[in-house]
Every structure is written in structure tokens, then in C-alpha cells.
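Both complexes below contain subunit A, partnered by subunit B and then by subunit C.
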Partner chain A sequence: MPCKNSISTPFKVKELKFVINIAWNEIIILWRRKGFQWLLLVLMVFTGYAIVSGVSRYREVHTQREALKDSLREMFLHQDPKSPHMAGHYGHIVFKPYAILQAIDQGVESYTGTTIRLEAHRQNDAVFSPASTQSSLIRFGEFSFSVLLQVVIPLLIIFICYGSIVTDRKNGTLKILLSQGASLRKLVFSKIVAYHTFFTAFLVLIIALFYLFIGIEIGHAALPMVTGRLLLIIILYSMYYGIVIALTIYFSAIANSIPGLLTSLLAIWFIWTIILPKLTASLGAVSYPLITKAQFNQELTSLKANELNGHDWKNEKTKAFIDSVLTAHRVDSIQKLPFRLKGLLMQADEEVKNRIHDKVFSNIRDTIRLQNNVSSFSGIINPFIVVKKLSMALSSTDVYHHFHFLEEAESYRRRLIKELNDEDTHKHSEFKDERGRVSADFWARIQDFEYRPAPLPWSLRNSKIEIAVLFLWLFITFGIIYNRTPHIGIV
Partner chain B sequence: MAVYNIWHNLQPHPTYWNSMKQIYIIGQYQLVRFLRNKLMVSSLLFFFILCIFSLFYGKKFVEKQEKVIYPIDTLNQKRDIETKALLSELEDSVLTEKQQYFALTLAQRKGNTAIYRPTAFSSFSIGQKDNYPYYKKISFGNNVYDVEVSEIQNPDKLQVGNFDLSFMFIYLAPLLIIALGYNALSGEEDNNTIRLLKMQVSESKIIAGKLLFLFAILTIAATVASFTGFYLNDMNIHEHGSKLIVWLLISYSYFFFWIGIVAFVISFKANSSINALVLGSIWIISLLLVPSIVHREVTSSKDNQLVDILLNKRGDGVNILEIPKEKLVDTMYTMSHPYAIDLDSSVSTQIIQLAAGTEIRTRENNSLGRAIVDKQQKEYEKAEGFNIINPGYTIQNAYNRLAGTEIENYHDYLLAAEEYQTRMRYLIYDYMFRPRKFTLADYEAFPVFTYQQLQFTWKACIQALSPIYLLSLLLYVGSGLVIWRQVKD
Partner chain C sequence: MFQAIDLSKSYNGHQALNNLTLEVNKGEVCCLLGQNGAGKTTTINLSLGFLRPTSGKVLINDIEVSKNSTATRKMTAYIPEVVMLYSELTALENLNYLSKLAGFSYSKEALHAYLTEANLQQEAHAKRVGTFSKGMRQKVGIAIAISKQADVILMDEPTSGLDPSATDEFSQIVKKLAEQGKSILIATHDIFNAVNVSTKIGIMKAGKLLHVVKSKDITPDALQKLYLDTI
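The block that comes next holds the complex of A and B.
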């Protein structure tokens, strides 16, 4: 007696063969459609433009920022002789590098500052956001690969797949097809496999093309840095297309009117892509309002008021600090100290201010995170927002990557100011002249700011909600299709 | 008799009235169909509810900016009262040089925060108002164009954009037009009612009647929403009435344009699905792809110029101390001055050097800022050159100009701030060159930054919308020709 498995195995192979046959036929039919060929051609033109313009924009901005970085390094190295304290006030200017993956997804880069002046006592914000120097045209969005991947291709999927079952039903061919022994569930899944295979293949092709272009631009040695991210981008969009294709085909299977189906799908696309992102971002901003700059300054002032102030020697905390230093070194006057007190005091002042700034800035970042969580959770009803946020995260262009850059720049500032304060503390140093001014050799010792982009696991850690919601969408979509399809009427 | 003949000739032909009546009947028929279709009625209701939400959102935005401006105004008023009291006290006494300098310093603080206030219509169309700094301190010789982050913002929120009324009209209204109009003819064919209708009226009249009805309900919805916003923002009919009419004109022109697109597409008599596909594609192309591609093509990086401003601020620019003193004095005599200065022999060389140093540094700072403004202006004009293929932006730009939230308004504000600074600076030079007692009357006459927003007139509006009118004309003529050819064939 044959065991249960031996019976089911050939049956599964048969099922699989059916799915492959239907899927293959669907792809062939799709490929032969004139309208589809035109749409594909238009898409290819836009893709080509997105790649070429994205890479050329990268070249323009990257070259400009690298040149600026070099000239500012030169200025840093050859600055006029000055005391370490004055050098701290002069500071340094650093730039946010233009990431190559911005050619895929511009993210929030146009709305964040690109340049920071690093100086003593102050934590300046990044300035010169590109959007603040442009007209309202920028608010229509910036053309990039992500516009195609997130907005245009899903729409193309709707245009191509909406009629996949409903047309067969209207033509009466659905009945004939199912009378040959296939179930509607198998048919629906076969069509999903067909379209999904096609769009994923297309996705792989265009990302490969992009990979080739950036390989030429940034050099093959730098490619491994983006390979992992690009692979995840393919997986991300493949999952999203899977959801859109599955839903479109499912709706096609339950629809009675072709125009009604198409307008409903377009309405869903519009609500997902245009309305909900704006609506949820607005709700987030209203629910968790950010403090105003005046409130921010007031908070800083009030927190600093009761703390040590390196520039005010009459300040109680400053006096207490000086007394503690004198006591620790068992001397009764500042002149008897084996080092210059000013440098030590300035470093103490710096650390107090750092602590205050960290507190106030972290409150602001927490509020921004809370605002953004509103739209992240809205992913439960809108997979587009999830994909949008994950795409930005994988391209290192979301707000958290901007914060990462700010943190890196800030830690460089702290190291730089500490070096200067330490130098100021020395009574005698090989790098100082008789007037206490530091020499060019000192500047050469200080490494320039090199921004190390956040690693991939870091990027993913910030997107846990989005990843969970995306898998939930996949699970629920296919779960519904699997369970509900057998109950759909054929006629 | 002659008058009667002329009058008679001017009267439309009776068939004209008959045609109008037929179109009106089709409109009525469409109204009944519309009211019976729950989905369509709820779409319009949804549109209207979102309009109301957008109005509240815009109001909240304006209130937030006003909340930030209010303490600045209060502080200025407080300072003003304090300074006046002080100067009144000193009115009869002889001021020492130090007191004299102090009085002049106080005067500089008089209304010296240049504020770019939101207008009443900013809540309707926020434009770039959330992206531009809207207040800055103007001092004797600071950089007016210094780019500082004026308010703390969430970049995610900025990137997504604002949910204001202009967004509703620009993005959602065309979709509503498409949803209600794509099957104006093919829907009748699907329902097998086309033959019945065609027995009574021609196809062109069916299209005209249905689309006129569509235009009517959309204009009613937009008018009601706009008036709601008008009252929600406590606008005054005398002050803002004409602007509201311009606002409505822009909106109606845009709806008319989109109805023209629908008329053109459906005149080809394709089936409903093809119409929906084509119209959906036009929507995507005109509102997503074209503006973003135009933006990509017209903008370029301004990093180099922006960094120059930062370097100048840090002190890397012109070092006044390195300029020989004689040359500094010469410069003051040779440079052109926007306001008259009295540099007679009684003025000390030291004072002239001080003024020359300030003048050179301030002009250098501001010239760097103006270079960026010029570059932005060129990009802005270049973008306008594409308006014929970029209807969404054309309308957004018109709305923003009316609301004072476009880049040209921001530039105008910056130039006004520079002008104010120059006026203030030259008045101070005058006190430096001809020292005299600074009295309360002098303080009262000291300039205060007052900014009059650029006016967006009817003429400017019609001019700005001319690409929309041209496109509309082409679309309606095109659809008329298509129908005419079909009838002829």
C-alpha cells in the first residue's frame, strides 16, 4: 500500500506544473501586448533618465563637496597663528558627503543641512538645506529612481494586472479555464507568480544597470559597500510588488465591473501614495509638536544659568571648580599650578555644555521619532509608507542617518576642542610659540573629519517597525487570498 | 427700426437656445445620476471633508508662525517703550559721548527684527513658507543673507509636504474630475443608454452637459471650501475680498483645464478602462513626473556660494585690518553711496576708517548673499519657462504668489531687509560724521523694518495662468475637432 506521501508528491508536482504553465502563458501573453510594450518602453526611458541624471547629480555634488572639503582642510592647516582657545572659536567646517545611493532615493537629504561649522562652546546645526534655496517646485518631489520604484511601477502593475481575471470572467473564458480542472485559487496564484516573476526580473535588471553605472562612477573597490544595501532594496521592492500584484489580482477576481475595478484600484493607489503619507505626517506633527527655536534657546539658557561658565570666573560653580583644582594640587594660587588653568576650565565648560546640549537635542530627536512613528504605524493600512521609509533607510537618506551624521560631526568637534583645550593647558609645548600660539605642525597632527556612513545593521535596527509591518502585510495579503479565493463566484 | 435690427442680429439664433436647453437637460440628468450613485456622492463628500481638514491644518501652521513672531513683537514694543522713557529722561541733559553712543545703540534695536509674516492666504497655500527663515535680526553691519536654521523642523515632515487647500485643489480635484468624468460617454455605452440619449441630443452635447455639470459641482465645492477658510481665518471682505476672487479664479481655471483634458480624452470614444488608464497616466505625468524632472533639470548645487557666506561669517573674508588706512579713507570717498553722506573736512579720519571698514565688510557679505539670490532667481525663471508643460506647478506658483509663500516673495523680503539695513547704516554714519545729540525726535524718526508683501494683481495672475489658458484652448479645440471628424466620417 503506497504511503500518503507517495500519492501527494506527484500531485504537488502536477500542481506546480500547472502553476508554471499558466504563469508562463501569462508572461507570453503579456509580452505580446502592444500596450504593454509601449508602457515598458516608456518605463525604460524613465529608468535610463533616472540612472543617468542620478549619477550625474552625484558626480556634480560629490566633486563640489570634495573640493570644498580639501580647500577647507587647507585653510585649517594653514590658519593664522592663534592661541588654542581662539582656534577653538575659529573651528572647522565639515560637509555631509553625498552618498551614491542618493541616486536611488533622495530621502530627506534636500531638507537637511549639508554643512556644519564646528566651533568651541557651540553645537551648531547643519545649515544650507538645498530645499531652503529653491522654489515650490521642489515640493512636487524630486525625480529619482525611487519615484519609479515606489510610484510609477506599482501603478504600472495596476494597469497591467487589473484585468487579469475580471476580463476572463467577462469574456466567459474563466469558466472554460476552470472547467479543465484548475481551481480559482491555483489560477490566482499562477497569475501572481507570473506577474511577480516578471516585475522582479525587471527590478533586478534595472538595479543591475544602476550597479554597473555606479561601479564606473565610484570604482569597483567601493562597490561592496553598497552591494548589500542594493540586494535588500531588490528584496524590499520585490516584496512590495508582490503585495500590489496579489491585491490587484485578488480584486480582479472579485470584481464585477472593469471600469469600477480600475477606478477603485487607482483610488487606493492615490490614497496610499499621496494622501496618507501627508495626512499621517501632519497628524504626527500635530500630535507631538516640536518646540520653537525661542523655547529651545530659553531652555539652553536656563540650563546653562546654574552651571559652570568658563568665561565667567565670578560664577559660583567656576569658583568652586578652581578651588577644587587648587586643593587637588595643594597650591594656593593659579600661577603655582603646573599647568594653565584656562585650558582645563575651558574643557570643563565644554563638557558641561555638551551634557546640556545632549539633553536638549535628545528631547528634540525623541519628538521627531515620535512624529515619525505615527506614519510608521500607519503602515498597517498603507504598505507604501513602509516601503518608502525602508527605501530611505537602505539608501542611508532617512532622518536617522542624518542624525548619525550630526552625531559623528559632533563627536569630531568634541575631540577637536579637547585637543585644543589640552594644548591650552600645557604651559610649554613643542607646538606653541612664546606667545602661546599653536604652530602649523599642531594642525597637521589633527586628522580631518571623515564621515563613516552607518553600517547596514544599524540602518535596519532603526526600521524595526517598518520591517515587521511589511511582513505582516505579506502574511495577511496572501493569507486572505489563500482563504478567500475558493469562495469567489466564477460567473 | 434700425436699433431693433441691430438688437435682433445680436440675439443668438433660436437653435442656440435650443442647444443650451439640451445641454442643461443633460446636466440635470447627470445630477440625478450623480445623486443616485453613493460612491460618487461620498467621493465628493470625502473631498470636501479633506478640504476642511486642510484648512485647519493651514490655520494651525500660520498660528504656529505667529506664535513664534508674537514674543519678538512684544520684545520690540517693550524695548521701544523703555528707550523712549530713557530718551525722555535725557531730553534736557547734555549727553556724554558714551551716552550718545548708547542712545544710538538703543535706536538700532528699534524694530530691527526683519519679519517675513504669513499672510492671511498663507494658510491656504503654505508653499515654501515652512522652508524659509522668517525672522532675522538686522544690525548695523551683519549679513542679511546669513542662512540660519530659524526653526526646528522634522525633515521627514518637510519632505512629505503640507496638507493645505492648494494641495487639495492641485492633486485631488483633478482625480475627482477624472473619476466623475472618465466614463461620461463610455458609461452610457456600458449601460446601453447611449442610443436613447443620442436620439434626443448629439454626442458633443452629452459631453458638454456632463462636463459642465462636473465643473459646476467642483466649483461649488471649491467655493464653499474657500469661503469656509475665509471665515475660519477671520479674513476681512474689504481687505481680502479681491484676493479671494483671484484665488477662486486660479482654482476655476485649473478645474477648467482638467475638464478640458477629460473632454479631449473621452472625445476619442474609447472604452471606460482605456479612458481611465489614459487619464490616470496624464495625472501621474503632469503632477509627478514632469515637475520632478523639470526640477532636476533647472536646479544645481549652490554649495560653493553658500560656503562663502559661512567663511565670511567666520572671518575668512576681507580683513579690514590688512587694508591700509589711507586706502580705507579713499574708498569711502570713491565708492557710490545709496544715501547722501556729508564727509567734510571736520570729520575725523578715524571715524571715516571705521565707517569704510563696516561698509566694505557689509557690502562683501551682502554681495555674496545676493549672488545666491540671483542664482536662485535664474533657476526660478528657468522653471517658469517650462510652465507650458508643467500645469501643476503653474497653479501652485500662482497660489503661492497670492499667499506670499513663493521664492520671489522670500527674495523680496530679503531685499527689503537689506534696504532697511542700508538705510539704518547710513543714518548711523550721518550721526558718526556729524556728531549731535540723539533726541527722542531722532529716535522716532529712526527707521523700522516694515515689509509690504508683493501684490499679486489680476494682471499678474492672468499672465501667470496664460499657459493654462493656452493649454485649455488647445484641449477644447482639439476635442471639438475630434468630435467634428467623427461626425463627418
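The block that comes next holds the complex of A and C.
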């Protein structure tokens, strides 16, 4: 009989060939499984829908916001002449740009405001969240790319992989495989490699299609902004699928009952995906409660009450400030100052209020961070939550990215108000008319708000706990499988 | 060569196998007869290293199974009662896959030759195993065992559910394998086939091997009587 025995092959190559043989066989079986190709087709249709709807929505909202931004800039540039102080009260409106990767993961974007009116003396909230303008159905969740990646594919993994070893055990094929020389450990790892290769290939394919679609629909200029993030999204989901596949196959190896196994795996999926995220969010909110809007306003008012008030010249601290300015310039009256005191006073008032706002708002952010940490640490028992949070972070749609936008907008507001107050301070300026009103040339000097999204390293820095927990899951999952599989009974 | 020496196995206080000693030399076919629970399958599972003996040992070519099952499995082929295999793969693909697991890489012609040697019709070679009858699956199982070129072949109820013609075909193949020098151990309920195919027969009851007789020294009727008296 013509035969080529591979006994002389080096050990590692032989092991690799062994794994590839089992994995390749498993992929062929999967491909030929009844209904699988239809299932794949349905999945591709859903994926196509998620990609097209996500990118189309980006294009629509982006175009809308850019048009509004341009029109508001026009209004800003061509506003009627007015005093800088009055202009500060009129303020300016800025929009949060729609991130391209919102097409992958909406994150908190549906619930956070997109529009901020920037004005002197106060920090307004971002308003008009997408959820506020849609039906209550959005609360049940839209079908999006993230739902596909986080919910549908893991469910599909369970349905495809759960029988991978328990079926072989039940029909006696496992004994033949093992008698042929495969160890259960090698078998389990080879099957993990097979299914992981398949699902990662699918993941790469759909992300590549998404990338291509961005290039076609939005333009190649958009691609460099998302390349790194998309690569990390592939790695993230590939790791998650690796965990889900490994656990499903391990449970399949230790199970004795096929229906019991499926029920258990579906229960785990349900607890991970539906129950625990809601439970930990509630736990975070109960453990670290946020102050209400009324309490927030009350705190601001009480802190401001004892501080300098630019609009109240009888205020002790305002008087003290004026005296200090007069002393510094060695004059005995406001009129003798070489500049307009009002502008300087308004800037001082602004800085006092900024400091108070920063203090109160940083307390709120700290509380939100603590709430988030509760759910991040819950990732120790639920890898889904860390994947969900990392997915939002990589898509620039988590709460920290929203804070980043708020900080950038606030920083722009402060620069704008300072420019106005500085202009107000000048007794004479090339931009002012005889009534102290600034002209169009002045407005043209002020750069428009251009939000620069947080860079990737910044996003990763905010997700250190999630990254650590995800690697811990990988390490523990594969460690358990490696060590426990040889102890699983065959008969 | 197969040897079981004082082999015992107990689970949770139940003695499944009690001091079994048995030898199957090259070219011998040994059939183990006995009711369900007699310890036949336990003997096979211990011989494959799927179970660890409570005491005693199984040697395959003088290597102890429980100490080096990786090595002994290389020398052992196994045919279960029902050879399910992968219904999505053809007979040829199943054979190719399983022989590769055993460390053999065969040409397509060689794979066809093994399937033919196992009496599987040529036109069935490229058909998916999912469409096969039990007898056809059994033939693929035999082809897998032959292709492994193992010295010892262990079979667990291989003719259960086969029609008389398929059983006869199976017996011919077993005899041929024995002629090639294989040591063959068969756990079976089939007394008449046991007499037909084996060189020696063991009768087991409640984990004990109570009788070992040479097939040439006993008629089917006498064996049946001995069997019925024993169980």
C-alpha cells in the first residue's frame, strides 16, 4: 500500500499539522452542515443592512450638522455690531460631530446631547440627544453593527459550537478520534482554532466591507482616522469570540447531556448579555449616586454667592478686586485706568465661575467614573461588559469621549469669552466703533469651534481596567482548558 | 500482542471488572461473550486507556496502557458498535481525516484501496457517510482500522444490528486481518459469529472471565449451552 508516514517530521510541525487537520476538517463539516450556508447568507444580509444603515446615517447626520455649523458660522460672522459683553451673552452654538465609528457602536451617543450654546457666565448642558427626538422604541435598542457583533454572533457561536464535542461523545466518534491518537486537549484546542479562524475571518470580512464602504461613501480622507481603531475593534472582538468559543467547546467536552448543555450556555449568554449589564449599571448608580440637576444648581448658586460677581459692584469681593486693580495701577478712580475695568472685571468673574464649575463638575465626573468602575470590575464575572465598554471606547462613543467633547467645547467657550472680555477691556480698538461695538472684522478673527476627537492612546488610557480584565479572561479561560481537559473522563 | 493481567476496575463501589487475565497473540481472534454489564466494554475501554484500572494492567506489545496510552493507542485500532463518523464528509474524506490523525498521509488511490479492502463498494467512496447504512459505516470503520496498520484491533459489538450477509462479510474481513498477524479482541453477544470468526472465546459474567475455550474445540451448540449455563 503506498503510504507516507510522517513520523520523522519534527515534533512542532507534526503538532501543527495535527491541529490544522482537525481544524480544517471541522471547517468543512461546518460549511456542509445543513442550513449553514443559508444562515450565513442571512447573517450577511443583516451585516449589509447594519453597514449601509450605519454609514448612511453618518452621512445624513454629518451633512446636516456641517450645514448647520456653516450657517451658524455665517450668522456669527455677520452679526450686527454689538459690544463684546453683549456678544458674550448672545454666545455661539456648537455641534458635536458625528463620529464615523458610531456606525459600528452608537455607545452613549443616542442619550447624550449634541448641541451646546456657549455663552458668558454659564456652562450650558449639551441638548438634543438623538433619543429625545425618536420613538420610545430606541430604548429597546436599534439593530446596529454593535448588536450584531456583541449579541448575535456570540449567540450564533453557541448554536454552532455547542455540539462540537458532546455530539462526538454521544455517537461514539470521540472514542474513534482518541483511539486514532488525538488527545482530548488537542481536539479541544483544534476545534477552538477552527471555529475561531472561521469567526475571525467573518469579522475581518465584515469590517473590511465597512472600511471599503466608508472609503466609497465618505471618502478616502476619512480612512486614516479609523484604520487603527478598526484594527483594534477586530482584535477586541476576535479575543471575545475566542473566549466564547473556548468556553462553549470546553463545556461541550465536559457535558453529558446535549439539551442540558444548550440550555446552560443560553442561560450564560442571557445573564452576560442582558441581566448583568443592567444589574451592574444599577449597582453602580446605587453605590455612587449622582446629585440631581436641582442639587447641582443649588450647589453652584451657594458656591457663587460668596464669590466675586462682575454684575454686582456692591459685592465685597468685587469691591476688593476693583480696589486691588486701582492700587496696582496707582490711580484713585476707575476713569483714570488705562483700560475699561468692566472687561477685566467680567473676565475675573468668568474665571471665578469657571473654577466653581470645574470643582462641582469634576465631582460629578468622579462619581460617573466610580459608577463606570463598578461595571468595569463586574467584567471579572462578565466579559461581555468589558467588550461592550471597549467597543464604545474604540468607536469614540463612550461617556469619556462625551466628556472629552464637553471639555473641548468648554475650553473653546473660555477662549471665546476671554477674547470678548479682552476686547471689552480695550478703551480703543481697531475693531470698535465710536459706541464701543465690535465690527465684522473682529468676528472673523475668532476661529470657529473645530472639535478634534480624542486620539486612540487617550481612548485606551481610559480603558485600562477593561483591557486588563479582558486579558485576564483570556488567560484564565485558556489556562483552565489547558489544565483541566486531560482530566475529563472519556467514558 | 494483547495481554490483560489481573485487570480490575470498580466504580463507586461497583466491581465492573474482577481480575481479568487474558492474552491475544498475533493472528488470534478472541471473542468476549457476556450479558450487558459483564465487563466486556470496560475491558475494551481499559485497553484503549479511556479508563484507568483499579488494579492490574493491560499490555499492548509489552507496553502498559495506563502508563503510556499515547504509545499504545498508536498500536491499537478501535471499531465501536456504531461507527457514526462525520455525516457531512464522504467515506474517503472520513478515512483521510482519521488516518491523518493517526499520523498517516495516504494518496487518494491508497485510501480507495483501503475502502475496497473493507468491502465498501467503489461508488460509495465519494458519497457522504450521512447517507450510509450501518453496515456501510462499519466498513468505513474497518477501513480506518486497516489503514492504521495497528497490531491490535479492539472491536465493541461490531456486528450488532448488521444483517446476516453484512455479518458474514465482516467475519471474512476479521479472518483476513488475523491472517495478516493482527491480535483481535471482540466484545460481542453474537455466539454463532463468535464461533465462526474467533480462535478463542471468553465468557464473562459480573466482571469475571469465567471460561476461556478454543473455538476449534467447541461446537456452536456446546458453546451456547456453556454460555447459557454460565450467565
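Assume the second predicted complex is superposed on the first by the 482 of 491 C-alpha atoms of A that agree within 3 Å, B and C clash if a C-alpha of one lies under 4 Å from a C-alpha of the other, contacts with A are read in each partner's own complex, and residues count from 1 in each chain.
Heads up, the rule we're going with is that a residue touches a chain if its C-beta (ideal position, glycine included) is under 8 Å from a C-beta of that chain, and two chains touch if they have at least 3 such contacts.
Keep in mind it's a predicted model, so treat the numbers as computed, not measured.
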Contacts of A:28 with subunit B and subunit C, given as first, second, both or neither: second
First (subunit B), second (subunit C), both or neither touched by A:175: second
Partner chain(s) touched by A:81 [first = subunit B, second = subunit C, both, neither]: neither
Touched partner set for A:18, first subunit B, second subunit C, both or neither: second
Touching partner for A:215 - first (subunit B), second (subunit C), both, neither: neither
First, second, both or neither for A:163, with subunit B first and subunit C second: first
Contacts of A:490 with subunit B and subunit C, given as first, second, both or neither: second
Subunit C versus subunit B, contacts on subunit A by residue: B
Intersection of subunit A interface sets (partners subunit B, subunit C): none
Subunit A residues within the subunit C interface of the complex: 1-7, 14, 17-18, 21-22, 25, 28-29, 32-33, 171-173, 175-183, 490-491
Partner subunit A, residues of subunit B touching it in the complex: 50, 53, 57, 60, 64, 67-68, 71, 127-128, 131-133, 147-163, 167, 171-172, 175, 179, 182-183, 186-187, 190, 271-273, 276-277, 280-281, 284, 287-289, 291-296, 298-304, 306-307, 310-311, 313-316, 372, 376, 379-380, 383, 392-393, 396-397, 400, 405-407
Touching residues (chain side subunit A, partner subunit B) in the complex: 46, 49, 53, 57, 60-61, 64-65, 68, 72, 75, 90-91, 93, 95, 107-108, 110-115, 117, 125-144, 147, 151-152, 155, 159, 162-163, 258-259, 262-263, 266-267, 270, 274-275, 277-279, 281-282, 284-286, 289-294, 296, 364, 368, 371-372, 375, 398-399, 402
Residue ranges of subunit C in contact with subunit A within the complex: 45, 48, 50-51, 70, 73-74, 76-78, 80-86, 88-89, 93, 97-107, 109-110, 113-114, 128, 141, 144, 148-149, 154
